[in-house]
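What follows are several structures.
In what comes next, chain A is part of two complexes: it sits with chain B in the first one and with chain C in the second one.
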Partner chain A sequence: MHRLPPQCKLLAVAAFAVVVVATPREWVWVLAAYGLPLGVVAATAHVPPGFVLRRMVIEAPFVAFAVVIPFIGLGERIDVFGVALSVEGLWASWNILAKATLGVVAAVLLAATTEPHMMLLGARRLRVPSLLVQIAMFMLRYMDVIAGEARRMRIARESRGFQARDLRHAPVIARSAGALFIRSYERGERVHLAMLSRGYTGSMPVTQDLSASWRQWAVAASLPGTALAVAAVGGTVGAALGGAW
Partner chain B sequence: MSAPPPSLRVEALAYAYPDGTQALFGVDMAIAPGERVALLGPNGAGKTTLVMHLNGILTAGHGSVEVAGLPVRPDTLREIRRRVGLVFQDPDDQLFMPTVRDDVAFGPANLGLRGEELERRVERALDRVGMAEAIDRPPHHLSFGQRRRVAVATVLAMEPDVLVLDEPSSNLDPAARRELAEILRGLDVTVLMVTHDLPYAMELCDRALILSGGVIAADGPTGEILADAELLARHRLELPYGFAPPATSPFRRPSTRG
Partner chain C sequence: MEIEHAPRRLIVHVPDGFFNLAVSVSAGVVAAAGVAYCLRGARRELDDRTAPVAGLVAAFVFAVQMLNFPVAAGTSGHLLGGALAAVLAGPATAVLCLTVVLAVQAFFFADGGLTALGVNITLMGIVTVLVGWGVFKLVTGVLPRRPGSVVAGAFLAALLSVPASALVFTLMFWIGGNAPIEVTSVAVAMGGVHVLIGLGEGLITAVTVSSVLAVRPDLVYAARSLTAPLTLKTAGGEVTAPAPAPERAPARPGRFVLGGIAVTALLAGVLSFFASASPDGLERVAEDTGFGVVAVDHALAGQPLADYGDAGGVPVGVAGVIGVAVTLGVGGGLFLAVGRGQAGKRAASKTERG
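Showing the complex of A and B:
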């Protein structure tokens, strides 16, 4: 899984997400079954469950929103443990939770098996505009440098007795942010000069061979493929049973 | 008589920035192939402005720059930038790619190299600065001295005829400073080294130029220039406390490697 070219993995995750989102929320068992191919991916890639769970914290705002919906939802009410909840709200909540979780797990698995810069090289192979890829690449490279500068500025402020306590201190922080912006801008100019000095003419040279074989595409396609098959089987069985899920 | 053209020839070079600030007032200099020359001068003397002309990042307002006989012009820029390698002062400006390998490959790839030939170039350049084992690491995980060496490799990978270094010893600890000196001494290219570090100039360069007020104010053997306290003082240059240049025979330390 780690060795699969990044563009295959990116496309596989995107396609999987499309299949998940397109599945009707009433197909509860189909949505649950989508977890299986993800589990297989995690197992073959040796990504430990704890790693995935910790990174799923990013989903928290969606969870919070999903929890609120059944309480504020309108229409028919149902009694759950003595609390009257909106049926429509419960469905909406389930829809958000299930689909967001599947999407986030797929994205976490992608991130766990792909170096950030490989992801960008994959995006470039998928014809994402080169300028956007270059911007993201520089962001990746200079995030630490700029964070380091921001940290040194904070230490310099605090060394001279400054503590940001309330809103009145905002101008100081704002000026620091402005200085940081100008420094970063100037660094950008110097980096550009360094690039020109080494023959840059507007496009990044492609030095790595990232071409994917049919077999690798097939491996990648198996994730959305399996999901699609699960949906097809689930949909047919559901229809045969008269939608009585 | 058919002596090879100088590696670098600058004639009557004058330049004013777009805001009207005149930085260079007619610089003349010539550097022979294989020479190692120090360019000394106080802050604001125009050293960086001069360096930017050597590979055509700035174009001469007046005068000319030639690299091994090839004039710097818009139509020769590609070849000029292959011939003149600029190593910037801050390695974080120079190393902008996600891995050391990609960064060293950037220059030669822009020259059109690909595949195995490119890979060989990258490995050889890193080998020359003793950083071969860092090839797959991201630049921001290296120490400052290591980054400076990789920055030199990014330029060496283009196999330049002239290596121009802006303050190569700045921010290096003494060991990293010595290691870089050993690497530079071992290279068979023409070197122009912009520096405030006078002992470093003494150690590495037989000849020194003083750029002051936008003109070349002195040009001679490094030992003689550094021995002339009055000349140095006139151009806001000073030897570090306790350092006395060996005026007669240039100071040459034997390699301390191994």
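Showing the complex of A and C:
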């Protein structure tokens, strides 16, 4: 999984996400079964479950929102343990939770098995405009530097007893942001001049050969392919049985 | 990469499954069109330094989005940064930077769904920059040409860009949100909080811009028109040096506004087309708005549950597949066209230089 060319993985994960989102929410078992191919990917890539779980914290705000929907949702009500919940709200909650979780797990697995740099090289091979890819490459190179600078400024503020409590303290943070912009920009100008003096002509050289074989494409396509197959089987069985299941 | 995330974030990226596929796809088309337009515009704003400087601004926006500011007791917001990036680096560059930031967050940090990337780019990249830059142009057009006006314009631009983004979110939710919540209550909840967040965003943007203006006014894209012409004092008296040939043509607001109108028209047209094609969201909401809360309870109670199965069944899936095919075609065509244009330009500039 780590060795697959990045463009295959990018397309596979994006196609998987589209299949998941296009699945009707009433196909409960189909949505549940989508977890299987993801589990296989995680197992073959040796990504520990704890890692995936930790990264899934990112969707916490929307989980909170999804939990609230059945209480404030409109429409027909149903009694669950003595609490009247909206039926439509429960469906919506399930829909958001299931699809968001599947999407997040797929993206986490992609990020866990692909270096950021390789992901951008893959994006370039997928004909994403080169300007965007280059911006992203420079962003990745500068991100840690600027985030580190911001962290040092925050520590400096806090070691002087500053704590933002309400909106009146916003100007202090804003002046830090201004200083951060100037420092970063001046650093960027120096780096740019240094690059020019070393022969930068507007594009970074690519040293790796990233061409993908048909076999690799087939391996990558198995993720959305499995999901599609699950959806097709689930859909026909569901139609045969009839009704919600 | 250790990225700190706030425990309570009011502005979150939309995940997969929050909007139906039709809205996600239409927003993706809008985002692709907007980005394609801005790819051309960014070359006007920044010459050969486009990629390095835009990458730096993107990293700065990423860092700034981690700055939390307290809004009210117990809750805090964080900067969207659209208006700030537009004032500092120019609108087209700002859209590209925010696009890259959102894409990196979606692919590397799983923050925001992959199918919702178009929604997120439209909401947090295109709408904030478009509204912010439009407001900024209006304000600085009215006020005298002074640094203070730039700061005031930045404040109002950032202040209004956040509720505007929330408003468009509500509009999308009305058209194709996957949750049965009354739109007015969503609008009230989003609007109220986001006016407060906008206040914080405006304050921080204005102070940031003014502190950059105080040290390096040449770095503020929006303040470039303020630079006074160079005067040389020679033996023969004062001579105003001819302004250096404008290596960067100033962005023409007229075309930008036209582009904005085109994007909005596309948004309205494509969204309503898809929304009416899928019976899921709009029908229900039409009933909501038509009958009010009490009547809706009754109206929906009368419907058999099986109706939902029909509404969410195969037709939507088929429509989704068609939509995806269309997006792939349109988006791919755009990317190819832009890519070829760039390659041509690069070749041309190489021959000029060499």
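Quick note on the criterion: the second predicted complex is superposed on the first by the 224 of 245 C-alpha atoms of A that agree within 3 Å, B and C clash if a C-alpha of one lies under 4 Å from a C-alpha of the other, contacts with A are read in each partner's own complex, and residues count from 1 in each chain.
Basically, a contact is a pair of C-beta atoms (placed from the backbone, for glycine too) under 8 Å apart; a residue touches a chain by one contact, two chains touch by 3 or more.
It should be emphasised that the depicted structure is a prediction, and the values quoted were computed from it without experimental measurement.
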> When the two structures are laid over each other on chain A, do chain B and chain C clash or fit?
Replying inline: fit
> Counting only touches as set out at the top, which of chain B and chain C does A:Trp217 meet: first, second, both, neither?
Replying inline: neither
>> Looking at A:Glu88 after the superposition, I want to know if it touches chain B, chain C, both of them or none. Which is it: first, second, both, neither?
In response: second
>> Once chain A of both complexes is superposed, is A:His117 in touch with chain B (first), chain C (second), both, or neither?
In response: first
>> One more residue to check, A:Thr207. First (chain B), second (chain C), both or neither?
In response: first
>> A:Arg190 in the overlay: touching chain B, chain C, both, or neither? Say first, second, both or neither.
In response: first
>> Looking only at contacts as defined up top, I'd like to know whether chain B or chain C touches more of chain A.
In response: C
> So, does A:Phe162 touch the first partner chain B, the second partner chain C, both, or neither?
Replying inline: neither
> For the combined three-chain view, what is the angle at the C-alpha centre of chain A formed with the C-alpha centres of chain B and chain C, to the nearest 10°?
Replying inline: 80
> Is A:Ser130 contacted by the first partner chain B, the second partner chain C, both or neither?
Replying inline: second
>> Per the contact definition in the header, classify A:Arg198: touching chain B only (first), chain C only (second), both, or neither.
In response: first
> Of the partners chain B and chain C, which touch A:Asp144 in the superposed model: first, second, both, neither?
Replying inline: both
>> To be precise, I mean the smallest distance between any C-alpha of chain B and any C-alpha of chain C in the superposed model; what is it in Å?
In response: 5
> Overlap of the chain B and chain C footprints on chain A, residue-wise?
Replying inline: 116, 137-138, 140-142, 144-145, 191, 195
> Across the complex, what residues on chain A touch chain B?
Replying inline: 115-117, 137-138, 140-142, 144-145, 187, 190-191, 193-201, 204-208
>> Could you list, by residue number, the parts of chain B that touch chain A in their complex?
In response: 52, 55, 57, 78, 81-82, 85-86, 88, 90, 92-94, 96-99, 102, 105-107, 109-111, 114, 118, 138-140, 154-155, 158
> For the complex, which residues does chain C have touching chain A?
Replying inline: 1, 3, 5, 8-9, 12, 15-18, 21, 24, 35-36, 39, 42, 48-56, 58-60, 62-64, 66-73, 79, 88, 96-97, 99-101, 103-104, 106-111, 113-115, 178-182, 185, 199-200, 203-212, 215-216, 219, 288, 293, 296-297, 300-301, 305-306, 308-309, 312-314, 316-317, 320-321, 324, 332, 335-336, 338-339, 342, 346
> What part of chain A is in contact with chain C in the complex they form?
Replying inline: 10, 13-14, 17-18, 20-26, 55-59, 61-62, 69, 72-76, 86-89, 91-93, 95-96, 98-100, 102-104, 106-108, 110-111, 116, 119, 127-132, 134-147, 149-150, 164-167, 169-171, 173-182, 184-186, 188, 191-192, 195, 202, 235, 243-244
